[in-house]
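Following: one structure in structure tokens, then a few remarks.
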Amino acid sequence: MKLLQAVRQGEVSPEEAAGKLQMQPFEDLQYAKVDHHRGIRQGVPEVIYGEGKTAEQIIGILGAMQEERNVLITRLSPEKAEKIAEVCPLRYHEIARLALARPKEIENPVGRILVVSAGTSDMKVAEEAALTAEALGNRVVRIYDAGVAGIHRLLSRMDELVQARVVIAVAGMEGALPSVVGGLVDCPVIAVPTSVGYGASFGGVTALLAMLNSCASGISVVNIDNGFGAAYQASLINHLGGAS
Amino acid sequence: MKLLQAVRQGEVSPEEAAGKLQMQPFEDLQYAKVDHHRGIRQGVPEVIYGEGKTAEQIIGILGAMQEERNVLITRLSPEKAEKIAEVCPLRYHEIARLALARPKEIENPVGRILVVSAGTSDMKVAEEAALTAEALGNRVVRIYDAGVAGIHRLLSRMDELVQARVVIAVAGMEGALPSVVGGLVDCPVIAVPTSVGYGASFGGVTALLAMLNSCASGISVVNIDNGFGAAYQASLINHLGGAS
Amino acid sequence: MKLLQAVRQGEVSPEEAAGKLQMQPFEDLQYAKVDHHRGIRQGVPEVIYGEGKTAEQIIGILGAMQEERNVLITRLSPEKAEKIAEVCPLRYHEIARLALARPKEIENPVGRILVVSAGTSDMKVAEEAALTAEALGNRVVRIYDAGVAGIHRLLSRMDELVQARVVIAVAGMEGALPSVVGGLVDCPVIAVPTSVGYGASFGGVTALLAMLNSCASGISVVNIDNGFGAAYQASLINHLGGAS
Amino acid sequence: MKLLQAVRQGEVSPEEAAGKLQMQPFEDLQYAKVDHHRGIRQGVPEVIYGEGKTAEQIIGILGAMQEERNVLITRLSPEKAEKIAEVCPLRYHEIARLALARPKEIENPVGRILVVSAGTSDMKVAEEAALTAEALGNRVVRIYDAGVAGIHRLLSRMDELVQARVVIAVAGMEGALPSVVGGLVDCPVIAVPTSVGYGASFGGVTALLAMLNSCASGISVVNIDNGFGAAYQASLINHLGGAS
Amino acid sequence: MKLLQAVRQGEVSPEEAAGKLQMQPFEDLQYAKVDHHRGIRQGVPEVIYGEGKTAEQIIGILGAMQEERNVLITRLSPEKAEKIAEVCPLRYHEIARLALARPKEIENPVGRILVVSAGTSDMKVAEEAALTAEALGNRVVRIYDAGVAGIHRLLSRMDELVQARVVIAVAGMEGALPSVVGGLVDCPVIAVPTSVGYGASFGGVTALLAMLNSCASGISVVNIDNGFGAAYQASLINHLGGAS
Amino acid sequence: MKLLQAVRQGEVSPEEAAGKLQMQPFEDLQYAKVDHHRGIRQGVPEVIYGEGKTAEQIIGILGAMQEERNVLITRLSPEKAEKIAEVCPLRYHEIARLALARPKEIENPVGRILVVSAGTSDMKVAEEAALTAEALGNRVVRIYDAGVAGIHRLLSRMDELVQARVVIAVAGMEGALPSVVGGLVDCPVIAVPTSVGYGASFGGVTALLAMLNSCASGISVVNIDNGFGAAYQASLINHLGGAS
Amino acid sequence: MKLLQAVRQGEVSPEEAAGKLQMQPFEDLQYAKVDHHRGIRQGVPEVIYGEGKTAEQIIGILGAMQEERNVLITRLSPEKAEKIAEVCPLRYHEIARLALARPKEIENPVGRILVVSAGTSDMKVAEEAALTAEALGNRVVRIYDAGVAGIHRLLSRMDELVQARVVIAVAGMEGALPSVVGGLVDCPVIAVPTSVGYGASFGGVTALLAMLNSCASGISVVNIDNGFGAAYQASLINHLGGAS
Amino acid sequence: MKLLQAVRQGEVSPEEAAGKLQMQPFEDLQYAKVDHHRGIRQGVPEVIYGEGKTAEQIIGILGAMQEERNVLITRLSPEKAEKIAEVCPLRYHEIARLALARPKEIENPVGRILVVSAGTSDMKVAEEAALTAEALGNRVVRIYDAGVAGIHRLLSRMDELVQARVVIAVAGMEGALPSVVGGLVDCPVIAVPTSVGYGASFGGVTALLAMLNSCASGISVVNIDNGFGAAYQASLINHLGGAS
């Protein structure tokens, strides 16, 4: 937040900031409140969670946002995307069910986020993560279909693994990928369980539990299928490392 | 079973066998029924599950069994072992909480069962499996503390992995070991989840679920901490491959 | 794996093998990586898990595989099967939702795998197991609708039970069949819980738990409805026993 | 209830009964209310659930009950039993943790309740059921250690199975016994899951679920380890069949 | 079973019976085995569980059954019922999704089974129970919509409660009805949880658990929505009381 | 809160209050922060949750609190109570494991809170609720051991039920009491599940779920064994009704 | 209830009341019993739970109710609403899926119930609560989209929070809102978990559990998505505070 | 790892590195394998997980490690600490159950990790995190007892929140703290659920689930009570930001 950054830079005292925090305007659309003090850093998009909102509501929120910003819309069905595209420039990614409204080219993506996934079916979550990370201004490398039952596939990409500043490891079923990756790299690993599997995979719960119990250090976990959340945190981490 | 082997060898018709099956004597000790038609193959011990039985009950069951047989007692506390040792020759393994009563040397162990475990704490289950397999007449190789977060440890023993006729893979926490092993070998893998871990490991449930959802083929799973069960099945499999 | 077999036969040192393992080519189709070093034994098919893949993706994978191999496709809907059949010879089994692409006759099936199931509704999983086992080169015997509430049905087939080299026991609801079978035979039993049932069967979880807790020795368990996985392991076991 | 029996016999109209029902005195001991209108049939004991009550509280409740009645006390520790025995005649059964206060001989036990259990460790629950049933005036037959992995043990007692008016089937682990028994008999079966087992037995939950999903007809289930409850209902059923 | 009744009457020795048991013919329809030694008592129908069977399969099973028997088909959709009705006389009950094929009038229903249910939505399970019980030759009384939040509704039918030989208590949501009924009557109560409810009712699990933990004595429980199972056991119990 | 009451009475504007809220001093004891702006209304005690705090820590917190206030300490073991009593006047209730430090007589308790509990073992939770409510200045009526299996006990206290301004209904096992009470009264009912029970009561989870699914209106639920929480909310509700 | 109010006012003795309670007429519609002694206070509507009832059944129940009353119908689909509107004046709220039949203006709503919700998607439950509370005669204030991740939104409405007599806090996902609100206000808070979320939100279970474990005092919880239940209890509480 | 860093710096090619990886020596202590290629960066300690290892085993592992390194031992009981201190310099922290063997002063801690915890009882986990982070060379700020029910406590430390490079948020019970913190800061938040709570907190599962479902962005989660794991990842992240 701009205000808090001012605090961090010593321009505003924390006490003043805390007071102002409550006073800042946000636009009330009745069905949603649009914050005008989030994400004002250059190149960083606003985010709309598309699930459970109608195309009309999304268009309304887009209208209330600043014209010059690009906006990331997650969990967006093709049908809604089509309607929105009629009134606003939209770049839609079907596999990831994700769109960029008023898309702009990210000019100087920073650092390196590696997105590695276990199976073909995990790709939709992996792509949600990769596309989100790119939209947030990060350089992204993808390694897909590298499940632990074929460990040689992962080892053959060892060079890319060790160059990552942060890894997003996406897997369903037994969710073992982050443990193996976490043993190979020396950077933070964000594990994303997916709902891929059947029977005792319980819609991703098995992968989630396995990841939480990883024997490798340096791993943390987000909700099932939450590619966006992993990418958001990965971006915060990757930007800490500076622009190179 | 001797009877059923006779059937298999064509000495007895299946119909006769089924009839006899109901007539065979077993000794009724009131608190337990001792089968006299189990495990009469040379060198194969009887088995007593020690948990929830008193030392006195176990001694009683030992008394009812044929004198010349060696007997495997699982889940046996050191206290009970001490009492039983007073009346019967007993070789006790404390880590595995397992004893051999009237122990005999296994003369020609067959095949090769590999027992691989993930962490130091999984050793008690791995040893239950390894010692059981040895008592059942199998050649056993152990690779311990080879968790997936240090995959190079496993790869450095590749030669032993590929020589196994059947692998028993023991792991707690995220239970990823069998998946990685299953991708490296070409023989049946029996996965044993252990109760090692804390928090969301739920006493081994996470490892159990992960193993059931393994993306590798050729893996099946036994109950949490059931080293004995894994070894029993592994022995049946290993013996199919003959004496070499 | 051919390479690992070379290792086993002493033609290649394990160290060499481990090194080569990382170098072996696999074809990258973007949405899937096709391994060219799996399953090169005579008569053994490649396997494609059909769930969550489009007909087009499956056709692509088929194209990347070696022409002369037969290929097993599991969890395949009739609609997709129809599309694939237009471009590739396909033998489709509707109950098991399983297909053989470029099917070849298995000439000398080995050993004997018994597939026994509890109820009429378990048949689709039992058939997935039986057909998979046949495709993998095994002789298969079926005993269906032999639930434990009618124990005499099972006993009447005693002769076939004792001739099996490995048994696949398929059951939903209370999942008691493997325990009863495990008490009657002297060979490995692979238990397959099915999602058949309602209410407190929880989509197969009850059967799964019951099987994991079996009081019979020699039983291991695979994931709910995983007929393929059971057959794959059963085939590995059955082949250990040799060609007879 | 005496009153309700009067209703059943037409001596009192239901409307009068319902009114009286609210007026009947019960003695208020502050920590417990002692009903004086329960169980006044000849030979049927009062029941005290011992768990969580002090010896002093139990003695107080005994004092408030009619002198001439025998009283069944369940879930009673040996320590409490000893204290109570100092002030009141008491017959204590340690395995079942159950006592009869002011015990009287049951003169003409009726019918036939069969109590069948799977393993040695299930005996304490089976005995709670058997002793309760005897105290409630029933003829009881016991078949213990007859788990389904040794089905011939059960078949060898076929004659006793078919003579039962009601069966109580007690099992832990996979809980398969009631299903097999239910397929062999033609009378009601009450299934009692026990907390015997480890790992994925979850303290009896697996057995409970298995029993609820039994494929045999005529089976109902009580709470885990609830031998008393099974016997109480079995007694009601057995008495319906009359005195023979 | 006729055979076992012969045993009970001393006409056949148990040993002979056990032997014959394995030899009795049953017709093998490939997808189902039809037992010819079940339910041969006068007036008692055969039972087909309709779920997961096609209309064609059901017609096939009907054809294999003895012509003169009436047959109860449970969990039958209206569509299948219509198809079956074209080839076989059928009386269909839509709410209970249950049919009687070749229906016959039950001439002398015995005893009294009370079916009491909590809410309007529980009626479909209650009717499955009531209609099954009637088909099995029992006199049935219904009390519906008598949930515990309006306890006076239940008390107003007190006269009918006390006349029952066995009660079937059907409830969803919090499943409290059997506890209240069990405190009012002096006969066996069979509790049937239903999947009625939302949120934390978990499809009937809450009601199931509540019933298993009932503080009233004399209650046992069947699977969620299993009206048929409750009625089957209730019928066995009710018939013990004789013909009056 | 005093401040917020000033707001409510118009003496302070909400904006001023929100600002001040962040500035108010609280004493930092390192292991706990003591708020000086909570509960300053006459006669209302401070509250310390005793679980997991040492006697020394509790004495420290007491020292930091205003001398003239009485203080409620919940979940306090007898051992800790004894130590605290050495340095501070303390009234300890062993069953409820609850103490009042610097106890004062509540002079004019208001309204009427009814605490009703199902079984003897639920009394410790019921007493925690009743004593807390009294300490918070409420008139309290107790009805204990009034489980739904003996509904006449509850009906015999109908007069007290209808006079309550709010009811706290405490029950373990099947948790049915609040539903029955909720159908009899016309005031808010706060349901407290207890951990009383065994087997499928799952430490109070069954009672909790049952209460959440109550078919009666006007019921809300607190955490398992949370007698304090129920009483705290009941007191807020009861005080709304004024002093009578 | 009118009768019970007479008791409370001393016009009728409790004993008389309890007797009469059983005799009061209720109309039996076969599929539902309509109580004529509920909710006879002026302005308070009858309530019909629409889920699982046909439009025809609802019309039948409406017909059996007193003509002059307004009736609240919850969980009503637009299709059923349309059918009912043809025969009865109906005001339908689509978001809340709730209707008022024979709607009347509430003339003097009392007190103040605050309905606060966390996210846009929680609005349908929040509206069920708000509309129900209004129909029951309460003044209602709404604060929507005030999730805890934007705490300043909540603080900016501090003035409305402190004026509430009772708060209904509605949230899905992590369900943290009631804890934060409970720390800001000094009145009862009723927490409503919603099924909003995905993955490990388990259809509202996570929010439910979080609310039950709130560290704030004065909070109780209702079933997932049960906006009606929260409003019903809130109305009882709010009316205790009188008419102002 | 030194090797991998060489790779990153271009001194060694990735292919060479992967090859060497399998060859590196590690010391085999039979019960544990000590890696000599982990954590060789200056000032970073080795780590031993103390749970389930004997004091003797830990001393053995310490002996096998390089003399000059300091070693962090987690989950260490006071008894074991005392034994180890006899043979090796040891700094033991009782609340966190954590020790530093051969402790050295961290000379230039970098960045700023904020550890914030909800309640007094969460302190043991928070201290495990804080002490671990300090041992790994990070500057650490602590804010304890700042639960969301007293949100002003958190707001009063706003200045410290905004200065953090990464936040570790520790909470039990409803686990809401990370969501509130995540809404206030603009840096990565690692959430640590604790097992603090009772009843429906399920040993930390509720807090875990709540954190996984956080409505704030930038949050990831580790296992219950895993303060070490959170600190390890936080240290990796904090070091990305450089030395300032």
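Read from first to last, the chains carry the letters A, B, C, D, E, F, G and H; within each, the first residue is number 1.
Just so it is clear, contacts are C-beta pairs under 8 Å (C-beta built on N, C-alpha and C of every residue); 3 or more make two chains touch, one makes a residue touch a chain.
Please read these numbers as outputs of a predicted model, since none were measured by experiment.
**Q** Would you kindly count the fewest steps from chain C to chain G, each step being a jump to a chain that touches the current one?
**A** When the steps are counted carefully, the minimum from chain C to chain G is 2.
**Q** Treat touching chains as neighbours and tell me the shortest step distance from chain A to chain D.
**A** 2
**Q** Among D-E, A-B or F-H, which pair gives essentially the same interface as D-F, with more than half of the residue-number contact pairs in common?
**A** Answer for D-F: the repeating interface is F-H.
**Q** Quick check on chain D against chain E: do more than half of the interface residue numbers occur in both copies, making it same, or fewer, making it different?
**A** same
**Q** Express in whole angstrom the distance between the two chain centres, defined as the mean CA positions of chain C and chain D.
**A** 46
**Q** Could you tell me the distance, in whole angstrom, between the mean C-alpha positions of chain E and chain G?
**A** For chain E versus chain G, the centre distance works out to 38 Å.
**Q** Which integer distance in Å separates the CA centroid of chain B from that of chain C?
**A** 24
**Q** Of all residues in chain H, which are in touch with two or more distinct other chains?
**A** Residues 18, 22, 150, 155, 199-201, 205, 208, 212-213, 217, 223.
**Q** How about chain C: which of its residues touch chain B in the complex?
**A** Residues 1, 4-5, 7-8, 13-15, 17-18, 47, 155, 158-159, 162-163, 165, 185-188, 190, 208, 212-213, 217-223, 229-230, 232-233, 236-237, 240-242.
**Q** Sort out for me which residues of chain A touch chain G in the complex.
**A** That would be residues 21-24, 26, 30-33, 35, 51-53, 57, 193, 195, 203-205, 208, 223-226 of chain A.
**Q** Taking the touch rule as given, give the residues of chain G at its contact with chain A in the complex, in rising order.
**A** These residues of chain G touch chain A: 120-121, 123, 144-146, 150, 152-153, 155-156, 196, 198-201.
**Q** Per the contact definition, I'd like the list of chain G residues that touch chain H in the complex.
**A** So the residues of chain G in touch with chain H come to 118-119, 147-151, 173-176, 179-180, 182-184, 197, 199-202, 205-207, 209-217.
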